[in-house]
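In what comes next, subunit A is part of two complexes: it sits with subunit B in the first one and with subunit C in the second one.
Moving on, here comes the complex of A and B:
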């Protein structure tokens, strides 16, 4: 088969924008989280657990992990695209990355709602 | 007082050499020799087997782009006195070497051609020229001056990794030159063509291109403007 070079997958802008949006959200969350953690009356399990028992904090934290997963997806996928040339191996690595990140996000949710 | 300049030059002749090597050579300069290219011409007079490209010798043709002490630049615009010795000269990185300091620019020009570097306008031509306001014309300043020397694209790691898929800073600067041109009517097609994870978005804004451009142009800024237009079109 003649190997033809093709480009034109139309998701460049979407992922670029998403990477910036998720980065901004993570930066803002870090400030909110640092403030909330540092102003805890006492750094022990009870206070820590109370901090995350609020619905808003759970929601914001879950959003942080979702952002982290999407952000990492774009970044890690770019690394595979740059350095792994065989198509089959690259696709396999994409899938492994995807499954891992979805798994991590689910795991994070489980931990958050268990606290 | 005679000035002697020490050189360390990358040499490779595929017909004779098994692999590339660095040649140490020194030349005496005349007082009128100011630019690196003038010194290189003297090296060539001493050892005529040395090959490099040059033409206009005044920074317009872009032929004598090379890696000078680790940084891409034009030999004809580089002051000899500004360089630490021995002056290490290598071909532009990332492109196949044809011989000595001459590289094969095919891939670079393929990317340039891929952005349709000409004005597209299917409207019936006016009786005289297609006019622009001074503001519209102003937008082309800083983008139309590219001489395609390839200093920027060959200093870009994204271009090194994906020279076949990433357009590279020179091509993208020229893409913006036509996207910004109010006389061009193919803006949407041009933006569609670049909305790809490789063609435009392989740029990670490390700005090596801006650092080396001998014409002091700013491809990163042009790339940013293309992204801005894509966002304004999408949201």
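Moving on, here comes the complex of A and C:
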């Protein structure tokens, strides 16, 4: 009989899925953004900032940054787990990554809602 | 104890970086990781530029001056490639996860395609934006 002892956190599958869901969203957003940016009549402040101040584009861009934060959190954490073995150091790097990404997400929200 | 008597076969180690010949899909994969890490590391710089570019006509001018610097252009060129490679390779991985194109020959072809498309797009967009 096989006796397996399942221990540890089970966030693996959820994060794997979230990384793919966010990747899919970011890929779609990238195409929308590239089209919108490349077809701007003129690349000046008025046109460029107007691109993000419309309700829909602001929302889509906000979602992009939220996806990015989650996506990069999973991705960068995977990289630390592959290369950094000492537990204390790894934990410290995870925390720094998490704080940075939460900070970036807040920063992005601030930029978009100030427009 | 029977396990103890099973001798471990000495496997050849082959970790000399100069000697490793990574196949094409392996190159795409490691570049995907490197580009993801690079984008993460320079994210604050990109957010800073984005902030400047949309805040006011004055900060927009500052933004223009910064991205006009040749060294900054070079960095942004690198980041453009990183994003495009990560994007193309990422889509390839998503398709592989859905079991599309997992035959060896197809996987090699798509790896080559990712490298070519991301480099070509980088050059086209880079020249156009320069």
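Criterion: the second predicted complex is superposed on the first by the 107 of 115 C-alpha atoms of A that agree within 3 Å, B and C clash if a C-alpha of one lies under 4 Å from a C-alpha of the other, contacts with A are read in each partner's own complex, and residues count from 1 in each chain.
What we mean here is this: contacts are C-beta pairs under 8 Å (C-beta built on N, C-alpha and C of every residue); 3 or more make two chains touch, one makes a residue touch a chain.
This is a predicted model, so every value here is computed, not measured.
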- request: Please indicate which partner A:54 is in contact with in the superposed arrangement: first for subunit B, second for subunit C, both, or neither.
  value: neither
- request: Once the structures are superposed on A, label A:75 by its partner contacts, choosing first (subunit B), second (subunit C), both or neither.
  value: second
- prompt: According to the contact criterion defined above, which of subunit B and subunit C contacts more residues of subunit A?
  reply: C
- prompt: Which partner does A:104 reach: the first (subunit B), the second (subunit C), both, or neither?
  reply: second
First, second, both or neither for A:30, with subunit B first and subunit C second: second
Message: I'd like to know which partner A:17 touches here: subunit B for first, subunit C for second, both or neither.
response: first
Query: Which holds for A:114: it touches subunit B only (first), subunit C only (second), both, or neither?
result: second
- request: Determine, under the contact definition given at the top, whether A:45 touches first (subunit B), second (subunit C), both, or neither.
  value: second
Field: Doubly contacted residues of subunit A, that is, touched by subunit B and again by subunit C
entry: none
Query: Which bits of subunit A are touching subunit B when the two form their complex?
result: 5, 7-13, 15-17, 78, 81-83
- request: Give every residue of subunit A touching subunit C within the complex, in rising order.
  value: 20, 23-24, 27, 30, 44-45, 48-49, 52, 72, 75-76, 79, 100, 104, 107-108, 111, 114-115
Query: In their shared complex, at which residues does subunit B touch subunit A?
result: 161-162, 164-165, 192-201, 227, 230-231, 234
Field: Complex contacts: residues of subunit C adjacent to subunit A
entry: 33, 36-37, 39-40, 43-44, 47, 50-51, 53-57, 60, 87, 90-91, 94, 97
